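Below you'll find the structures, each written out as structure tokens.
Consider the two complexes below, in which chain A is the common component and chain B and chain C are the respective partners.
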Partner chain A sequence: MSKRLLILIVVLLITVMALAACSKATTPAPAQEQTQEQTTEEKAPAGGEECKVVFGAAVSLTGKYAKEGEYVKNGYELYVEEINKQGGIPVGDKRCKVELKIYDDESNADRSAQLVEKLITEDKVTFLLGPYGSGNTFATTAIAEKYKVPMVEANGAATKIFNRGFKYSFAVLTPAPYYLRGIIDMALDKDPNLKTVAIVIENGAFALEVAQGAKDYAEEKGLDVVYFDKYAKAAKDVSSLITAMKSKNPDIVLGAGHLQDTILVMKQSKDLGLSPKVFGFSVGPTSPEFRKALGKDADYVVGAAQWTPELKYKSDDIFGTPQHFTELYKAKYGEIPPYQAAESAAALIAYQKAIEAAGSLDKDKVRDALAALDYDSFYGKLKFNEQGMNVYKPMAVMQNYTDGGLYTVWPKEAAVKEFLYPFVPWDQR
Partner chain B sequence: MSDQKKAPIRFSSLDGLFKGRQGVLFSIFLLFILFLGVFPFLPFASGFWLNTLTLILLLAAMSIGWNFIGGYTGYAAFGNVAFFGIGAYGTGLSMIRLGLSFFPALLIGAVAAMVFAILIGLPILRLKGHYFAIATVAIATALGEIADSWTSFTGGAAGITLPFFDPIEWSGQFFYYMAYLLAIGGLLLTWFILNRKMGYSWVAIREDEDAANMMGINTTWSKVMAFALSALMAGLAGGIYAYWKTFVLAEEVFKIEYTLQMILAAVLGGTGTIFGPFIGAFIYYILITLLVFFLPVGQLHATILGAIIILVMVFTPKGLMDFISGRKKLSINALLENIRTYRV
Partner chain C sequence: METLQLTQGVVNAILLSGTLTLVAIGFSIVWGILNIINLAHGAFLMVGAYITYWLFTLYGVDPFLSLPISMLTMFVVGYMVQRYLINLVIRAPLLVTFLLTFALEIIIINLATFFWKGDLRSVTPDYAGLGFTIGDVQIPYVRLAAFVISLVLTGLLHVFMTYTKTGNAIRATGMDIDAARLQGVRIPQTYALTYALGTALAAGAGTLISISFPIDPTMGGAYTLRAFVICVLGGLGSIPGVILGALLFSFIEVFSGIWAPSLKDAIALLVLVLVLIFRPSGIAGKAFYH
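And then the complex of A and B:
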């Protein structure tokens, strides 16, 4: 008997001790893999003068958002590396080294919430950065609010995150309802005689917000929304919607969705001969996969972009211009930076400017400074409305050109090429 | 198998409860429950551990519920997340659309889950084996799709947002105790039922349904009750979860992972035992958490977790309760015997 009993007691003891030990997890073995402590030098003297600021984030490094999560992490890390080269963030009259603490949330909202609790209550990070995706951001902003720790997020565009009266959450990216505004503005700028808009929507939280925002804005601009309907997530056939749209003969067709369904809408539009003057989408046309899947049929199609490497923004932040950011990113990761990386780095720039303005690392002071922030970064304007959303940065528009390239065509002052208009009908190609 | 039948009798009278080996085990378990009861007041009870334990206790509660139908009655229910989702939506919609406060809304969510279980249980509990399993998976998937598309009622893909627990500073403790009470309630419910005719008829159905029927047991009634009670547990867990997370989204509350987790917890601990699912939930979740935080393996932790589960399945298909309760001696021989006995 005693042996089995012993085993049981050991099991229970381990359980209890695991609970106890983990709760003091700041002391035992920090998980090397997940903790991205930048370089070794700043770990050096733990003297009283040493000042550091620790940013914590739960990012999807595995699971369905693993790729996007990696971009987010890259953006955060690139900023930290650059700022530490300059000695850190200026706080008052000294500079504070920056550290990142990143965990993998496995693209799971439960895990994301659990990890943010850990970052706040056990790792005691100074400030929080956001995860990837609206779902995880929704779950984690509530926790930041509970503990009154600021969170500047860069990858959750749904407005419902910010409709709850939170004081400590900020987003540097343009929110979902503003996604298609750039395309509408650009189309009307080119041809003020455009009258009608048709909108097709993927049945998902993000796309629904994009579509509603586009509809409201189009009506505000005097356009007539003649078609507004949704298709199922991961739909394999949208021909009934295309046929219905074609019967309305719209000037502009807008799609709110993601890459795969955007490609589907284009393919079936060609099959059914739907040729509006402008084809614009929230997500898809700016990705190389879009051109790969459609070939010449991708010509003229425009897509919204939070940020592009070609934009002609100028700033006095550590990156200066989108081009310089692109160079640094390319040197470190060997590829053109996707917008997720840029907006993630921009979240840290928002923090830096707020910390500089506050002259302190105090959470409430930095929060107030964030709320008052108005700064032109390499990513565009960083300024938050009362809800914490950045509604001041315009969406860029990229167009698939007839030469096979993908160019920024809007906003006008930052564009590299002229907007090709109109869309050449399928039967005249 | 005969051990299994004895299981419900073990704790049947309070006199024997604290005597002998079982008594020691029971005392330790009781201490652990008490420890959990005071946990939020301990100095090292950080928000992180409250959050983690709340997840574990919710999982334990659901797993205890699954054990009614899957463990005792022996029906492979693979769609219990449907009840979790109904509980979450029922609670959320009652709060938003009817303006109810949390507790009445939770009651509505749980009752809705139970009623739904009874309605679908009557037809599908006639199916057996994998037919039943497939039917339950299909129903859970269909419900998720309905919740996702029925925009006017459920809010569709945009989901519904719930108000916060007020005061927000105490929400961690509040939801911890909700989950704690639910899990303890589940244990008491199991213990209560097992000493009633209902409990015996469940086990009888698992061992031989035809024989049970011939002995005069109303098997349909018993099965439907097992299903409904497992729905009750999952529905309550779903309601608590919804208010805790402050939002309900079809893809979150109808995800098949929850079903898998509750089955895994029950199987790890031991199906058809009172404490198995509870202990299994702790072991499963703590294992994950330890892997994520303390093993420097980066992205490999899911693989390692999978390997551990396979090992447990191979060597102790009846769950760890087999060894904990002393039904079997933990030895190489016992492990090998397990493989021989349960191989397909």
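And then the complex of A and C:
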């Protein structure tokens, strides 16, 4: 085969692969005509007849974040079911039924943004809920801002989402740089002699912020960060990083990433015999899927949690306590709720409280009420700083116990079991 | 760089090269004989991996025992696909078959995502993650087994191509299709057989990969690209070339992964570009499967 033809093929192949990977990045539709249509909706609550609130969201139901996306959808749906049992959200002196419109964004940020645009312009939803993940949230909040539709999101923790001066985006969850603080605190509380930390990072918006936040915090606490490197977002093999980490012999290994790569890091750590004293991750160990994928190898691993079923919050919202939320969730979906489900339901509680305070479904009035919100929910404090982030709620830590259970081990006052320490090396099991 | 990194890296690279040889060899024969850049190769690999996964998860079949099942199933599928689909446009320019296999890839991945969801899955037999150590270097049993099986399959392919009549017919077709036809080689059957072989080898690789790495419906694309790079590195039409290409590629991948994990893919493709510029026929040059 000639040299030129080969080069042509290489170019073609790479183009095709790139196209397949990035999918179709179409330009957003012209904004003008749609912004007019959108204002007509405001008269809705004034009419005496049937009133309803439609919440729209693009959520990952397939692709890399399919599992987390499912939890998000479950959280949204559980809230909607419960509130409609009570007749809906109180708006002024009546109640409005709640409807949910969810599309699958295939774990793709471009697709997520397109779908949110469709939700606003074609489906004319009243308010927006967030997708799963910081990347997708980053893309969709820009669309919400463009059309001036509020979006309360529950699954995008990167601060860069909120550093753009947006007025219509709010997040109920604790921001990314705070994620691993709980694990570091807990480890040092257990063994003040821990010296070194290795951090592996998924190369994505959320994980990079988690990692940087963890690094800064670890150094502040006098720990030595001996390894700090990234793997590609869709990595299927991280054995090189594990090998590099192992040669540093760290006391603590922290992973900043999501469920799938966390499972990968654990699998290959076993393959290559990496056994630190503490294994902690930003996302993954707290979901039932983690145990299913790893079996006994999930033992001892700790994960940061936005929320756990054992926390001791009390509230007058429809769920009341984390325990009651857990009961309802278990009855409907047959498993303990992961925090993604709880925070997603909490986004709707934030909306409900803001709508009640505004006494209206007007988009700008509800936005202002959201900005002023200060409410203690079953999920913890719902309050936003000027940028729209909830920096008022602490992170918890959960551990996969040797009895197969998953328990809150931090903060101490909410812990149901003691933190199992240290991680038992692979070759001694 | 510490010695552990170096020695573990070398072991990792050698073990990886076995699997990658198997991935690339099927791609290579289809390319060499049929002149098709088979973009669906990775998708077949993925299906092979899922066959192993489901047999293991639903019926508890040991992943290594599912190897012949996954290879045979995909052999039949590959034969059908070539005989009744690709064969329709086999005389069209390279670009047409290229696009056809691309479409096939998308269809297979989409169906897989639809039926099996996008979740990452793992095949976890009891012995997964076990291994032995030499000095400080860890050698996982499953990867060692995958390495050995890959080499055995590659050896079998070599024997088949060199010492059997059918194998000779396949090679003859790749060298000169008209001369082969004059000698009585039935071209459509030979083509279908070759494609089926390529597909079966992809599925076998998928099975072995599923034991060491997590799988999902989109896993194949990365392997198609690697197979392509390895074929170019090693030169088309030679089994030793593929082995050499896979070995070289594995070392590049593992060590760029240690030194600059975020640039891993860029470095691997940079090597491809350099080879194309300086030695377009590949390291081993052109031969014909023996």
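The definition used in the following text is that the second predicted complex is superposed on the first by the 249 of 429 C-alpha atoms of A that agree within 3 Å, B and C clash if a C-alpha of one lies under 4 Å from a C-alpha of the other, contacts with A are read in each partner's own complex, and residues count from 1 in each chain.
Criterion: a contact is a pair of C-beta atoms (placed from the backbone, for glycine too) under 8 Å apart; a residue touches a chain by one contact, two chains touch by 3 or more.
Quantities reported herein were computed from a predicted structural model and do not represent experimental measurements.
Colleague: Go through the superposed model and pick first if A:240 touches only chain B, second if only chain C, both, or neither.
Modeller: second
Colleague: Is A:293 contacted by the first partner chain B, the second partner chain C, both or neither?
Modeller: In the superposition, A:293 contacts chain C only.
Colleague: Kindly classify A:267 by the partners it touches after superposition: chain B alone (first), chain C alone (second), both, or neither?
Modeller: Second partner only.
Colleague: May I ask you to decide whether A:195 touches chain B, chain C, both, or neither, giving the answer as first, second, both or neither?
Modeller: A:195: touches no partner chain.
Colleague: Tell me the contact category for A:62 with respect to chain B and chain C: first, second, both or neither.
Modeller: both
Colleague: So, A:429: does it touch chain B (first), chain C (second), both, or neither?
Modeller: neither
Colleague: First (chain B), second (chain C), both or neither: which does A:232 touch?
Modeller: both
Colleague: In the superposed arrangement, does A:208 touch chain B (first), chain C (second), both or neither?
Modeller: After superposition on chain A, A:208 lies in contact with chain B alone.
Colleague: If you stack the two complexes on chain A, which partner ends up touching A:330: first (chain B), second (chain C), both, or neither?
Modeller: In the superposed model, A:330 contacts neither chain B nor chain C.
Colleague: If you lay the two complexes on top of each other, which residues of chain A touch chain B in one and chain C in the other?
Modeller: 1, 3, 5, 7, 9, 12, 16, 20, 62, 106, 203, 232
Colleague: What residues on chain A touch chain C, complex-wise?
Modeller: 1, 3, 5-7, 9-10, 12-14, 16-17, 20-21, 62-64, 66-67, 106-107, 203, 229-232, 234, 236-241, 243-244, 246-247, 259-260, 263-264, 267, 270-273, 289, 293-295, 297, 426
Colleague: If we count contacts the way the header does, which residues on chain B are in touch with chain A in the complex?
Modeller: 21, 24-25, 28, 32, 35, 44-53, 55, 148-149, 156-159, 161, 164, 168-169, 171-172, 245-247, 249, 251-252, 282-283, 286, 289-290, 292-299, 302, 320, 323-324, 326, 329-330
Colleague: Inside the complex, what are the residues of chain C that reach chain A?
Modeller: By the definition above, chain C touches chain A via 2, 4-5, 8-9, 12, 16, 37, 39, 94-95, 98, 102, 106, 113-114, 117-122, 124, 128-129, 131, 133, 138, 140, 143, 212-214, 216, 218-219, 221-222, 225, 228, 232, 236, 254-255, 257-258, 261-262, 264-265, 269, 272-273, 276, 280.
Colleague: Given the complex with chain B, which residues does chain A contribute to the contact?
Modeller: So the residues of chain A touching chain B come out as 1, 3-5, 7-9, 11-12, 15-16, 18-20, 22-25, 28-29, 31-34, 61-62, 103-104, 106, 109-111, 113-114, 117-118, 120-122, 135, 138-139, 142-143, 145-147, 160, 163-164, 203-205, 208-209, 232-233.
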